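Once you scroll down, you'll see the structures, which are given as C-alpha cells.
Next come two complexes built around subunit A: one with subunit B, the other with subunit C.
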Partner chain A sequence: MSTEKHAELRRTVTPWGSFSWGYSDVGADIFIGLGLVLAAAAGASNVAFLFAGLVYVCIGLAYTELASTYPVAGGGQYFVLRGLGDIFGFIAGWAVLLDFTIDITIFAWACVDYLSQLVPTFVNSAHPWVHFWVVFGLIAALCLLNVIGVRESTAFNGFVSALDIASETCILFFGFLFAFRPELLIHNMQTSWPSPDQLMLGISYAIISFVGLESISQAAQETQRPASIIPRTSVGLILTILIFALGYSNLALGLQPWHPILDAHGQAIQFWQIFVNNGDNQGAAVALLAKQVPYWGAIAAFYVPVLGAVLLLISSNSGVFGSSRIAYAMSSSNLLPSMFQSVHKRFRTPMVSLIAFCGLAAIELIFAAIPYLDPHANAFYARFFDGESGLDFLADLYAFGAATSYSFVFIALIALRLIDPLSPRRFKIPLNIPMRFRGERVEFPVVGVIGFAGIFSILIFTLMTHPIGRVAGPLWLVLGIIMYLVYRHHRKMPLLHSQKHEWRKQQVDILRNAGELELMDEYIANVKASDERTAKESVA
Partner chain B sequence: MIAYRLVLSAAFIVLGAIVIARMAPFGLSLSTLPGFAFGLALAGLGFYRITLAIRLYRDRP
Partner chain C sequence: MTVIAGSGITPIGALTALLIVSAIVATVWWMLHPPASLVQRLAQEAETSLERMVGSIIVVFSPEIASGHMTALAAKLARGERSELLAIYVIEVPYTLPPDAEMPVEERAALDALAAAETIAANNGVDIRTETIKTRSAAETVLALAKREKANLLVMGSYREGKYSGAPLGRTVEAIAADAKCDVLIGVEGKHGTLLVDETRENL
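This part shows the complex of A and B:
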C-alpha cells in the first residue's frame, strides 16, 4: 500500500490525448442534456444553453488556469483545499464524488436508452425490468473491469472522440444545410416560450451538458509540460463542446423534420415536442435528431445510437475511475478514512473505493428506476417529487453536485489569486484588476466573480425547481460533513480548521514532477524575493 | 491528423457562415441572438483551429 501511495502517474498523454480525454467525458453530456432541456425549456432551450454555456466558458477557463498552475489529479477538491482549507476542500470533493457516482449511473442509463433505438427490448417504458438489469449489469461490469485494472486506452478514447466530432459536425452540417428553417426557430421561440420556473429548470438541466471538467485536471496530472499543453487543448475543448450544445438546441427548435412527426392523435407536431413527458425520447435525443436530418439521417439512424452508446459507456467508466481517484486523493489529504487508499494486493487497484462508489451508483439506479418497476413507488414519487424518475431523478442530483462544486472552485480561484500570487501562471483568465494584498502584487479575477454569480444562480435554480435535488443533494452534503467530523475527531485532527500543509514544498514537487522546470525555478525565485522583502520590511 | 483538423476547421467555418447567412434576413433580436451567437462561435472555432494547425505544422520536428 505504501508504495502505491507514493507512486507517480506516468506522464505519457499527448495534446490530442489530453483533448480527447476531456472530450470523451464532457462531450457525452449533450447526449443526455439535449432531451431534458428541450422538454423543460421548450422554445427557450437555445437561450438556456446559451446562459449555461457562458457560465461553462468561465468554469472552463477557471479549470484551465488552476489545472495548469497546479497540475495534480485531485481537481476541484485540491484547488478548494488549497485555497479555502480542509473543511471546504472536503465539501467540494464530496460534491464531486456525488457527481461521479451519478455519472456512473446516468451514462449507463443513457447508454441503454441509445441502444434501445436499435434493440426495442431495451425500451424502458415497455420493458422496465430488462432496462434495469442491463444498466445494473453495465455498472457491475465496469466495476469489475476497473478492479482488475482494465481501462480504455488513450488511443481508443482518441479514436472515438475523433469519430464523434466528425459525426456531430456532419449532423449539424447537413441539418443546417437541408432541414434548418430560421422562421420556424423564431416561431417556436415566440409561441412556446416557457414559464420562468420552466426556464430555470431548463437552465439547470443545461449545465449538466457541461459537467466533467475534472477531466482537465486529471489529464494535467498525466500530461508532459501541462502548463503549456493544457491551455491549448482546453480552449479547443471548451469551444467545441459549447458549439455542439448551441448547434443542437438551435437546430432542434428550427428543424423541419425529414419525415412528418405525428402525436398519439395523428396530429403533426414540432420535433422538440417529442421530448415533452417522454423519458424514452429524452434519453436518446441526439439519435432522434440525427434520424430527422435529410440524407445523412438514413445512415445516422444506424450508427449514431451505437457511437452514442460507446461514448456514454466511456463516460460512465470515467465516473467509476474518477470517483476512486478523487476518494484516493481526499484520503491522502486526510479528508476521508485511509481505507479509501487501500489497494488490491494482486491487481493494485483501489478496490474498496471502486466497490463503495459503484455500490452507491447501484443504489442511485434503484431509486431512479423504482417508479417504473413498482406502481406504489410511482404513486409515492408522483405525490412527493412531482413524479420525477429515471433520467430526471439522476439529472436533478447531477445538477446539484456540479453547481455546488463549481461554486467552490470559483471561490478557490479568487482566494488562490490573493493568497498564492507567487505560483507562476502560464495561463491566466483575462480581465483582471491589479491590486495589492498582504504586501504582494495580485490580480483580482473579474471573470471569477461573473462565473461565480452565474453558477451560484444555477445552484439556486436547482434548489428551487428540482424536488429531488433540493432534498437529496443537501442531505448528501450533511451526511458527508458528519462523517468528516467523526473521522477527524477520531484521528484527533482539527475539526473545522486545517491541518498544517507545506504548500511551498508541495508546489516545487508538483512542478518538478510535471517537467515544468522553468516554472519551478521561477517559483523558487518568487518565493526567495518575497521572503527577502518581508524580512526587510519587518526590520524596517 | 493535421489534414483532419484542417477539413474539420473548414467545415466549421462554412457551417458558421451558413447559419449567419440564414439568420441575417430576420435581423438582430432576442429570438435570433442564440442563432447568431452559434454561427459566430462556430466560425471563430474554425479559425482558431486553423491557426493551431498551422502552428503545429510550423513547429513539427
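This part shows the complex of A and C:
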C-alpha cells in the first residue's frame, strides 16, 4: 500500500517576511525606473510617477483583495484562471512569465551597472564585452544555484530589505532637507515639460517601478494567516514604494547638486539631464542621486552601489524562482506541459523550468547587448527598433508584460466579485456598487474599472511608444497561445473552454490549509445558505 | 523661496523630509502589527490563564505514584513561570503499624526519588524543596499540603493498569484529582511507541 502523501508548503513566512518577499522584487524597480523615466519624461517625471503610482495603488488593492481571498501560490495567473477561465489564465500567466524572465536579465544588468560605480571596468559603454559576460555569468550562476537548491535565506532577504528602506529613507531625508529647491522643481517642470509621446513613454516606464506585487501573492501559500497578513503587507508595500517613487522623482527634479555637474562642453547642467541618452547613468540612477545629497552622499557614494547591487541581484533571483514557480503552478492547472512540473531526482528542484527560463533570459540579454557588442547591429536596431537597446530593450518588454497581466487581473477581480460572491473577503477594495447577479447580492468594484482603464491606457502607451514592446510582446503571446492550443489538443482537453474545476471544494481546502478557520466556516455557511435559497426559489 | 540662512534648508524641503520619515516609520509599524485572529486570541488567553495557574507547583511521589518522568516537565514549567517547586514523597503507613513505624524500603525509595528530583531541578536552574511525609492517607495529606502551601498545580505521574480495576490511574491519584481545589496534572507514562507508528508499520 502506498503511504505517499502530498507535502503541504509550511506556513513560515511572517509579516516582515511577506513584506520583504515583495520588497526585494518591487523595491529594486526604482533603481532602474528612475533613470529611464527621467530620461524620457524630463520635467514631467514626477507626474509620470504619480499617474503610474495611482494605477499601481489600484493594482495593489486588487492584488491585496485577491491574494487574501485566495491565498494560494500562482498569484495573478490563478486569479485570472478562476475568474475568466483556462485560456485567459494561460495568457495572464504567460505574460507574467515574460516579466519574470525579463526580471532575471534586467536586474542582473542593472546590478552590474550599479557595481560599475565602484568598478569602472564594468561600465557598459566602455567595456561592453566585460559587461555582457558579467551579466551572463550572474544569470548562469543564479540558474545553477537554484538548480542545486541553494537560495538566499528569508532572513537575508529581510535584512537587505530593512537596510535598503533605512538607506532610501536617509537619502530622501537628507536630500529634501539640504538639497531640495522647490523653485528649481517648478522651473524644470515649466521649461522641460515633455511632448505627449515622451510623457506616454515616461508613464509606461514609470509602471515598471511598481512591478513585483506578484511576489507577495506567490508567497501567499507560505504566509502565516494570509487573509490577515497579506492586506497589511501589501498596503505597506504599496505605500512604501509610492513614497519612494514620488520622493525620488520630485527630489531629482528639484535637486541642487552637492557638486556642480558639467556636460561635455564644460557647461553646468541640472541633475536630471545626466540621464538623457546615457544608458550607463540610467542603469545607476539611485546611486548617482545619492552621491549628490549633501553630507549623506559622502557615505552613500560607497555603500549605495553595493546595497543597490545586492538588492538587484536578489530581485534577479526572484525572477529565477518566480518563473519556475509560476510554470509549476500553470503546469499543475494543465495550462503548460507536465515537464515543467518535473523535479530533478537528486536536487529536488524544477530543473527543466529553471534552465528553460534562464535560457530565455540569456537570449533576451543577447538581444539587449548586441548593439553594444557589434556596431554593425546598430543599423538593424535603428531601422526596426528605433535604436533601442540595453535597458530600454528590456524595459520595453517588461512594461508590456506587466501591463498585459495587470489588465487581466482587473477583469478577473470584477468577474470574481460577480461569480464568486460567497468567498469571504477579509479585505475588500472600497467604492463598490451593491447589485444582484444570478440571484446573489454582489458588490461591483468601481476601483476595478478605474484601475483597468489606467493600466489599459498604459498598455496602449506601451504599444504606441515602445518599438520593441509592440512587436516582441504580442509575438510572445501569440507563440504562447499556439503552444497552449497544441498542448491542449494533444491532451484531448477543451481548447477554448475550461476544464471542470471544483472551485467550492478547492476554496474550503485553501482556507483550511491557510489556517483561516473562521473564514472557512463563513464560506461554508454562505454556500449552505445560498444552496437553500436556490432550492426554495426552484420549488417556488 | 525662503532658505534658512547658511544652511541651505528650505521650509518645504524640511517639512517634506520629516513627512517622508514619519510616513515610512508609521507604515512599517502599522504593517507589523496586524490584529490577532480568533485562534491567536484563544492561545493568548490560554497562556495567560496558565501564567495565573502556575504560581507554585507540588510534585507528588509515593510508592503508588510514579512521578519521575513528570519532574522534568514540572521543572521546566516552574522555570518558565518562575514558580516555586516542592517535591514530596508520601508514605502511607498501614493501620496495622504505629504511625512512626520504620519502613526502610519505602524510605530508601523516597530518598532516591527526591534526590533525582533535586538533580532535575538543578539541571533546569530551579530551586526546589523536598519533603518525605508519613501518613495514614496519602490523598488527604497531599490535599492538606496543597492547601497549606497555597499550591496552584499538583503534578503526579501514573501508569496504565492492564485492565479496568475501578481506578485505572491508581486509587490515590484519582482521589487527589477528584477533590483537589487547584489544578492537577497527571502524566500517564507512555509505552514507548505510538498507535500511529504501529499502524504505519502494519500498512507497510
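We take it that the second predicted complex is superposed on the first by the 534 of 540 C-alpha atoms of A that agree within 3 Å, B and C clash if a C-alpha of one lies under 4 Å from a C-alpha of the other, contacts with A are read in each partner's own complex, and residues count from 1 in each chain.
The definition used in the following text is that contacts are C-beta pairs under 8 Å (C-beta built on N, C-alpha and C of every residue); 3 or more make two chains touch, one makes a residue touch a chain.
What you see is a predicted model; the values in this text were computed from it and never measured.
Visitor: After aligning the two structures on subunit A, examine subunit B and subunit C and state clash or fit.
Guide: With subunit A aligned, subunit B runs into subunit C, so clash.
Visitor: For A:Pro294, using the defined touch cut-off, is the partner it touches subunit B, subunit C, both, or neither? Pick first, second, both or neither.
Guide: second
Visitor: Report for A:Glu440: first if it touches subunit B alone, second if subunit C alone, otherwise both or neither.
Guide: neither
Visitor: Tell me the contact category for A:Thr169 with respect to subunit B and subunit C: first, second, both or neither.
Guide: In the superposition, A:Thr169 touches subunit B and subunit C alike.
Visitor: Taking the superposition on A as described, I'd like to know which of subunit B and subunit C A:Val47 touches: first, second, both or neither.
Guide: A:Val47 sits against subunit B, while subunit C stays out of touch.
Visitor: Is A:Gly515 in contact with subunit B, with subunit C, with both, or with neither (first, second, both, neither)?
Guide: second
Visitor: For A:Ile229, using the defined touch cut-off, is the partner it touches subunit B, subunit C, both, or neither? Pick first, second, both or neither.
Guide: second
Visitor: So, A:Gln190: does it touch subunit B (first), subunit C (second), both, or neither?
Guide: It touches subunit B, and subunit C stays clear.
Visitor: So, A:Ser249: does it touch subunit B (first), subunit C (second), both, or neither?
Guide: Touch partner of A:Ser249: subunit B, not subunit C.
Visitor: Output check: A:Ala179 vs subunit B and subunit C. Expected answer is one of first, second, both, neither. What do you get?
Guide: A:Ala179 sits against subunit C, while subunit B stays out of touch.
Visitor: Determine where on subunit A the residues touched by subunit B overlap those touched by subunit C, and list them.
Guide: The overlap between the subunit B and subunit C interfaces on subunit A comprises residues 16, 165, 169, 172-173, 176-177, 180, 182-183, 232, 235-236, 239-240, 243, 247, 250.
Visitor: Residues of subunit A touching subunit B in their complex?
Guide: Per the stated touch rule, the residues are 16, 46-47, 49-50, 162, 165-166, 169, 172-173, 176-177, 180, 182-183, 185-186, 189-190, 232, 235-236, 239-240, 242-243, 246-247, 249-250, 254.
Visitor: Sort out for me which residues of subunit A touch subunit C in the complex.
Guide: 1, 3, 15-16, 19, 165, 169, 172-183, 225, 228-229, 232-233, 235-236, 239-240, 243, 247, 250, 256, 294, 515-518
Visitor: Going by the contact rule set out above, which residues of subunit B touch subunit A in the complex?
Guide: Within the complex, subunit B contacts subunit A at residues 1, 4, 8, 11-12, 14-15, 18-19, 22-23, 25-26, 30-35, 37-38, 41-42, 44-45, 48-49, 52.
Visitor: Over in the complex, which subunit C residues touch subunit A? Could you list them?
Guide: Those in contact with subunit A are residues 1, 7-10, 12-14, 16-17, 20-21, 23-24, 27-28, 30-32, 34-35, 37-40, 200, 203-204.
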